Structure formats: C-alpha cells, structure tokens
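Chain nomenclature is as follows: A, B, C and D, assigned in order of appearance, with residue numbering initiated at 1 for each chain independently.
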Amino acid sequence: MEVLHMFGSKEQKRKWLEPLLRGEIRSCFCMTEPDVASSDATNMECTLHRDEDNYVINGKKWWSSGAGNPQCKVAIVMGRSSSQDVSSRHDQHSMILVPMDTSDDAIHGGHFEVHFENVRVPTSNIILGEGRGFEIAQGRLGPGRLHHCMRAVGLSELALELLCHRAATRHTFGKKLYQHEVVAHWIAECRLMIEQTRLLTLHAAHALDTAGSRAARKQIAMIKVAAARMACKVVDCAIQVYGGAGVSGDFPLAQMYAYVRTLRIADGPDEVHLSSIAHLELRDQLRKAQAKL
Amino acid sequence: MEVLHMFGSKEQKRKWLEPLLRGEIRSCFCMTEPDVASSDATNMECTLHRDEDNYVINGKKWWSSGAGNPQCKVAIVMGRSSSQDVSSRHDQHSMILVPMDTSDDAIHGGHFEVHFENVRVPTSNIILGEGRGFEIAQGRLGPGRLHHCMRAVGLSELALELLCHRAATRHTFGKKLYQHEVVAHWIAECRLMIEQTRLLTLHAAHALDTAGSRAARKQIAMIKVAAARMACKVVDCAIQVYGGAGVSGDFPLAQMYAYVRTLRIADGPDEVHLSSIAHLELRDQLRKAQAKL
Amino acid sequence: MEVLHMFGSKEQKRKWLEPLLRGEIRSCFCMTEPDVASSDATNMECTLHRDEDNYVINGKKWWSSGAGNPQCKVAIVMGRSSSQDVSSRHDQHSMILVPMDTSDDAIHGGHFEVHFENVRVPTSNIILGEGRGFEIAQGRLGPGRLHHCMRAVGLSELALELLCHRAATRHTFGKKLYQHEVVAHWIAECRLMIEQTRLLTLHAAHALDTAGSRAARKQIAMIKVAAARMACKVVDCAIQVYGGAGVSGDFPLAQMYAYVRTLRIADGPDEVHLSSIAHLELRDQLRKAQAKL
Amino acid sequence: MEVLHMFGSKEQKRKWLEPLLRGEIRSCFCMTEPDVASSDATNMECTLHRDEDNYVINGKKWWSSGAGNPQCKVAIVMGRSSSQDVSSRHDQHSMILVPMDTSDDAIHGGHFEVHFENVRVPTSNIILGEGRGFEIAQGRLGPGRLHHCMRAVGLSELALELLCHRAATRHTFGKKLYQHEVVAHWIAECRLMIEQTRLLTLHAAHALDTAGSRAARKQIAMIKVAAARMACKVVDCAIQVYGGAGVSGDFPLAQMYAYVRTLRIADGPDEVHLSSIAHLELRDQLRKAQAKL
C-alpha cells in the first residue's frame, strides 16, 4: 500500500489503493527470488520486456508473503527492464502491478513461490516509470522495516511477560524459577534489550517522519539489526524458562522462535545493513574530521 | 536399552531386552512431566503405589520420544514410590516397566503425552528395586547425554558442509559469499567450535569408558552444555548464509534449527548442568588447595 | 557535593558546600572497604561510636577517589552506627563529614586507601541524622551513576573516532582496514551500541529529573549496566584495529581499556544492578497482571 | 632460538645458539613495525641493502620483547631485501642476525622500540639465505604461537583458582559469592572454556609434532584464536568476582588483564588467523566434495 500511496498514478490509486484501503482486497510484494542471493538486488533475474502496449514478465519469486490469500488481487513485481542500459546498476529495475488472476501460483513447501511465465500486463501498470524500481524500493523499505521492528518490540514484550509469569509460578530446587539468580538476570537483560530497542525504534521513526527516508537510512539500518537480534534473544530466554513447554505447541514461543529468526533475513540480512551503517558512519566521521580543520 | 542392559533382572532382559536387540520391538522412556519443572527430578508427581503383587501407576508424562511408534511395546516409567520415606529426596523414586498396550496414549500437539490412570503392572516389573530410580537415572543419563552430543557434532558437520557449499556458489555485491570476510570468519568460528566440541566429546567418552559414569560427571555435564550451544550456533550461521532458503523447507536447516534448540533443554537444561560443573569444580579446587598444605 | 546540596544542614552547606562550589576545596567519598564485599553495603565494617558530643570513627576505606588531591579538605564517610538497632539492615548506617586534616592517609598501591583510627568529629557533622546513610546513598548514587554513564558515552565516541581514523589510514592485504568487512562491521556495531546507550542515558536522565531518584531506579540500573558494557566493547574494538599501537602508550586506548573495566565494578557491580532490574521488572509485571484482572 | 636451531648455519649456531642454550646470553626478535600494519608482513618497511660483504639495515621495529634485557646480545631482524624481485610478495623478505651492541636502542613508552640506522652486519649473518624470511617465519611462528597458548592455559588455571578462592571466602547478601548462581555459572563456563582450549592445544601440539608446521597450520591458527579469547574471558570473570581488588595492584589479575589482551594481537591478530582457518576449511571441504564424486 505504501508504494501505491507514495508512487502510484491517479488511475493506479483508484483501481488498487482504494479497494485496499477499504479492506476489500489484499496485495503482495514480489521481490525475493529463489535462484539468486536477493540481498543484493542487482542479482535479480526476473525480467520485464516491453512489447508494444504491454510488458511481458518472466521470472520466479518466493517469500511473497500473502500471495496465497484468496483476497490477494494484485502483486507488485520487481524486475529488470530489458530496455534499460545495464551499465548503471541502479537504473535497470522497475516495479509493475500484476493482477493476481493473471499469474500462475503454486504452493510449494509451505510458503508461496510465484512463477511468472510470459505474463502480460498493460504498460500503464508500471509504477513511477521504467528503471525507477530502486528509487521506489528505497522509499518503501524504510517504513516497512520499521513496521517489522515495532512488531518485534511488541512480540518481545509478550515473550517477556510469558517468561515472568512462568518464572513466578514454577519451582525447582526449592525455590521459584525467578529466585534463581541466572533466571532473574535473564529477565533484567531482556528488559534492558527491549528498552534500548524501543528507544532506538522511536528515534528512527522520528527521524523518518521529520527528515525523510533518505536521511534516516542509518537509523533504520541500525534498528533493523537491533530489533531482530533482540527479539531472537528474548524469545530464546523465554523458551529456556519454559523448558519442554517452550518448544511445544502449547505456548506461542516455539512459533515466535521460528518467526523472529526470519527477521534477521527478511528485508535484507543483518550483514547488508551493518555494511550500510559502517559506510554511513565513516562518511559522518570524515565530515566531522573535515569540519575540525 | 541401556537401563535394561545395566540394571534389568534376568527375566526382564529375556522378555524385553532381547526382542529390543533383535529390533522386533521399541521402547520409550517416560520421565518428563508437563505440570512441574522436571529439570528438578524431585518435583516429579507420577506415583507408584504398591497393591499386593501389583504397582498402580498414576501420572502424566510428556516428551516421551518414540511412544507413538507402533513397534513401541514397553515404557520405562519413573515415578515416586508412595511407600518410600519422603524425608530423603533421592531415595523415593523408582523405575518400572509398563507394557505399552496397558497404557492410555493420546496424541496431543504433535508430541507424545502419556497419561497413566490406575495402570497396574506386576511388582516383578520394577527395575533394580523400589527407591532406586535416581541411581538408575544417573547410570543411564550419562551415556544417553553423550549420544546426543555425538549426534550434535555430526549434525553440525553437515550444517557446516552445507554452509561452505552455499558460500562457494552464490554471489552478492560482486563476489562469492565466502569472499565476504564476515562469512569467511563464520566458517572459521564454526570449524573452531566443532573441533573444540569434538575433542571434549571424545574426552568425556574416554572418561566414561575408563572411569565410569560417576567419575565422568563433570566431563559429561561440560559436553552436554558445549555441544548443544555449538550446534545452535553452527546451524544459525548456516541459515544466515542461506538467507530465505535457510528458513524454507527446501533445505534441512530450518528443521535442524528447531531440533538443536531442544538440546539445550532435553536431558536437563544447560543451567542445571552449569550448576553441577560449578559444584564439582569448587570441590576439585578445594581438594587442590588442601593438597598444597 | 550532591549529598550536601540535597541533605546537608544550613551550617554544613555554609562550611563545605559553598567553598566546594567556589572551587576552593575538593571532597571525597569513603564508602568501599577493602576487607568485605562492598557491593552489599550491609557488609560495611567501619563504625561510628557516639561519645558525648563527638563521633569516633574506626575503619578502613579504599577506592576513595580524589582523596589524595591536596585540595581535598573533606571526606563523606559512611559507617555503621553502634547505637542503632542491628535488626533492621537498612537503618544502621550513617554518613558523616570528616575534615581531611583529621584523617590518617596512606598511599598504597597506586590508589587511595584511607584508614580511620579513633577519628573524632563533632556530632554536628552527621548528615541528615544517624541511621539515614542508606537513604542518602540512594539519593546520591542515582545521579552519580548517570554521570559515569555520560562520561562512558563520550569516551566511546572518542574511541570510535580514533578507530575510524585508523581504519581509514592503514592498509593490510591490499586494502584499507575499513574495507575489510569485519572491521566495517565493528564500526557499525560500535555505532549501534553507542546510539542505544545514548538514548537510554537520556531516557534515564529524563526520568531522574522528572520522576525522581526512587522512581528512576530501574532506568538508572539499566543504563549503569549498559553503558559500562558498551564502553568496554567499543574500546576493545578500537584496540584491535590499532593492533600493537592499541596496547602501547602512544594512544589513549590502553588507558581507556583499564578505566572502562572499572565501570563494571564501580558504583556497584553489574550483577547487583541486574538483580535490581529483575526485581523491579517482576514487580511491574505483577502489577500489570493484576490490572488486567 | 628455534630459528637458529632450525635454520642457522653451523657457524651461526656455534656463535649464538650455543651461548643461548647455556643461558649466557638472550636474543630478541624484531619483526613488528610501528608505521605499518604488521599483521600483513608484506607491509614491512625495514630494508636490507647488500653492500659488498655487508648488509646495511635501515628501519624501525617495536614490540621487540626482551630487547632491553642487558643480556640480550643478538637480534633476529626481518626486513625486505632490496635486491629481490618485488613482483613476488613472498620472496622478498630476509632474516638477519644483528649483534645488539651494533644497534641503537631507545626506551620509548614503556616498551622497546628499536631503530636501525645504516646498521652494517656481515653477509654471513643472513639466515638461510636472502628472500627466505617468510619461509623461516612460517617455521618459527607455529611453535612460538603454541607456546603462547600453553602459557595462556596455565595463566587461566591460576585465574580460575584465584576466582574460586575468592568466591569461597567472601559474602554478599547473606551468602558466599559462589552460592550466587551467576558466579557459580561463571566458574562452570571458565572450566568449560579452559578444558576445550587445553584439549585443542594438545591436539595442535600433536599435529605439529607429528605432521609438521605446514600441515598443522589450521590447528595452530585455531588454538591461537581460542586460547587468547578464553584467557581474556577467564581473567575478566575473575576480576568481576574480586571487585575493586580485581582492578587493584593487590592481586595479579589487573596485570593479567592487560597481558592477555595483547595475545589477541601478538603473533598476528585473531582476524588474520580466522581468515586463514576459513581458507583452509574451504579447501578441505572442496577436497571432501570432490572425493565424493
């Protein structure tokens, strides 16, 4: 929805954004591909080929979350424009709207993999214009990443609540679990991590709202890394306090454990973001050093 | 099988151990309970009550691995003997053989939870004698824990092999994954952890074989903690290298991730073993200090 | 100074606080003792014995920072009042002003250890009243801890600046140090830790200013732990980037390394604060659970 | 001594090795340089220039341990041969014996920095031959690194002994320090790390003795990283248990803390060794994969 809101044409908004906002339909986002390391978007193999008034799309996408929902009526697909000059790494990608009844879905291994084979959509479905896919991605992924972080903070609060509840009610070796110093320190460490992450999330959101997606890149990359890592650690502690119950289906912790692990990969693996932070930090340090002269 | 081999009567061996060794039947071990923190075995609520020539068993067990196998014909059940003096924390537990067609199974939440309601078995099914359950547990759990560690080392070798294969074949940002220094260092850290754990496993196995279960307690507790932790870390690294594929069903890594997490809980959580190691270390340091005088 | 400002009598303020504020004299704080674990203040062995219009002080203190400064003219000494009822653990300590020319200093091992042997000071030197030492300590240590955290953040900024400078100017294996991905990720991790700690420091300071020392206890305990740990990690990274120079006297990093290590001990070791956080968190979780009912 | 023993000429052995073995003189090793990142030996700036029957040495070295000992009568200096073809990165370095009364020492900053300014020594002082410095370094550094590891294991044993002694004698909050679960778990973690490192040290030593320096490269790189890291962690735990005393001069822990930190830099920083391990592991995995075909 953010992509259409920020970059959609009047006609695209009328056709897709309005029913989305009314909750009548859902959308999905097709970016990640199974055959290449998608953390580097220049690896993308899905192609858009212009054929008169249509674009012909060919490629495989996976991890297209929500693609299997029967209400999902439109996909935003990112691909490489064959007509673009390949010498510029960041001007050859485009995003295009594909009505979902056009596509050839396949359920595979419990998650959605979408294969596009000579899918034709009218040229008016292109978003913002050919070759502007990176630009859109940058505008969209900032807020999207932050939403994941907010969810991670909320999930971690729940995990810590569950942890404390269990620690206050079970006994081992003559005392309640929370009276075991090691468990108590886990509670403290979890609270500490959650607080630090919550503050950084708010800080990044403030930067995004006031300075924009581009200026807030460093903050967003930082919170992307910190929130996923924190959530993994908090859920891990909660599981350990629950013991066998923690890895059972009786509590939500095992499911959380699987979910939070994906956060260190989704929207770009931690390592890509750490490299971005380093790059921006070195730039900032250089500016500071030059300002001193 | 180890329990019967080490502690079974002639008759028990004939009836159960021999068909087990011939592979005709399987067994399961019912120790952990859902309603209490079973890391402290004195919490156990399952009871054995003597009624003339029978024992009557009441209690709930879960995480009884293998109980659902149609070939599983016998369970070793640990419970608290009502006739034992409760003042001694370590003399009130017993282990008893329960033919599985006697029991009332229930599949619940994807794992086996077994409820015993007034289950009657002849007194001859008791292993070693009433009140000797802790003694048996100590004899059995040492080698059992070591088997888990060996499997963890093997699994980690496979995970590292998969990691290296992926790192050698995928590209991001102009180089192969293994040429990214951070990925290379993960490979090094994984190899380092596996080697240290392998050596400690061999050392503990040697101590167990030569000095016995009791003398090897510290070594076994150490490797129990080290192997589970190592396997979790190696699989985690492999997943990160695989990205979305690592958390998909296309590779065994996601399943490994769930499995190795249970190793930090199964056979006693890490924390119980760390406390044992500390206790034994302080004893050893005290002896060393006294020997100096 | 904070103690006198918050708890001193009119006369005490005139005599000591005013010259302190004018910068004419300095003070020191004598709390930690060499012979007992001072992280638990109830261990304190220094005594105050009332003898008519005087208090007689006996005890050993160490880590009395600033005691050796020739301008240091007054010490605030914490001790156990012999006249107090020992049954209450938190009402038996007092703080008293001791003019430094009364005391018997000794330089020992590079830091100041102060021995009080039958030191007599007038009863009017007692601060707030006998038995109120804990109350004062609680009021004083909150802001004091926060000052340490602020210094730790500043020091870490300098360490990261030094790190980036070195990483931008030295070469190994055909590239600049910062082009080594591992070094780049250290830069990112350091920036991330510093930002999270800076935000938590500001948050704790705001809580202290607006809600008071008592209400801000959890925030102050959290930042105490987080800041020390962060500074240790950042300085450690910087040293590794500097190599041999990092552990030499040519750069301030080796000295920083020694200093930041003390922060995990000074004003109470991390572990005491983690236990406090856990205690307060469990209280908060209980309140939340009760509010839901 | 190892260099002379392994690579020295008959005359060099007679002149230097024999008095070294008799304990009459000492030697030092001049490799690391202050102006370049010496973890990459190709950065070395010290030069050897052949002038008829002499070599003329120019360059600065630091961290030349033992250079200040009055008994130190000979230095082994590594430098770049001006007569060697610079196109081969690993054939341009040489090692040469420099009698110490020829050199111009200077004490600087508490450690030894040695400046060579047109130092002339006879060509017969070259070890093994010009351009063979790397070869000698590889032969020498393996055993040298292992000695450091052995010392690190011994030092850590002492630190753990001190830790246990303190934990058994000090009280806080109503119990002895070792009865605090967190402290107990530190004891366990330290023992676990020491055992894993000891076994890896013995394994590497065995590989070095039986398979030689070259074949044992991976094992030596692994133990180099593991031992330094382990020692840093064990000493850090011991300090925390000692509190203020741990960072005082009253116990050896503060000095150990500074020393063990240098182990992560000396003989090549951890990161260089991690890269080597990764390189060798990938080679081994490739061989294994090829063997399967």
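The rule is simple: contacts are C-beta pairs under 8 Å (C-beta built on N, C-alpha and C of every residue); 3 or more make two chains touch, one makes a residue touch a chain.
For clarity, every value in this text was computed on a predicted model and none was experimentally measured.
Visitor: Which chains make contact with subunit C and with subunit D at once?
Guide: Touching subunit C as well as subunit D, we find A, B.
Visitor: State the chain with the largest centre-to-centre distance from subunit D, centres being mean CA positions.
Guide: A
Visitor: What whole-number Å value describes the gap between the mean CA coordinates of subunit A and subunit D?
Guide: Spacing between the chain centres: roughly 45 Å.
Visitor: Round to the nearest whole Å and give the separation of the Cα centres of subunit A and subunit C.
Guide: Here subunit A and subunit C have centroids separated by 41 Å.
Visitor: What's the distance between the Cα centroids of subunit A and subunit B, rounded to whole Å?
Guide: Each chain reduced to its C-alpha mean, subunit A and subunit B end up 37 Å apart.
Visitor: If a residue has to touch 2 or more other chains to count, which residues of subunit B qualify?
Guide: Correct list: 180-182, 185, 271.
Visitor: Would you tell me which residues of subunit B are touching subunit D in their complex?
Guide: Touching subunit D from subunit B are residues 160-161, 164-165, 167-168, 178, 181, 184-185, 187-189, 191-192, 195-197, 199-200, 203, 218-219, 222, 225-226, 271, 273-279, 281-282, 285-286, 288-289.
Visitor: Which subunit C residues qualify as touching subunit D in the complex?
Guide: Residues 32, 34, 36-40, 42-43, 62-63, 109-111, 170-173, 177, 180, 182-183, 236, 239-240, 243-250, 254, 257-258, 261-262, 264-266, 269-271.
Visitor: Please give the residue numbers of subunit C that touch subunit B in the complex, ascending.
Guide: The contact residues of subunit C facing subunit B are 180-182, 185.
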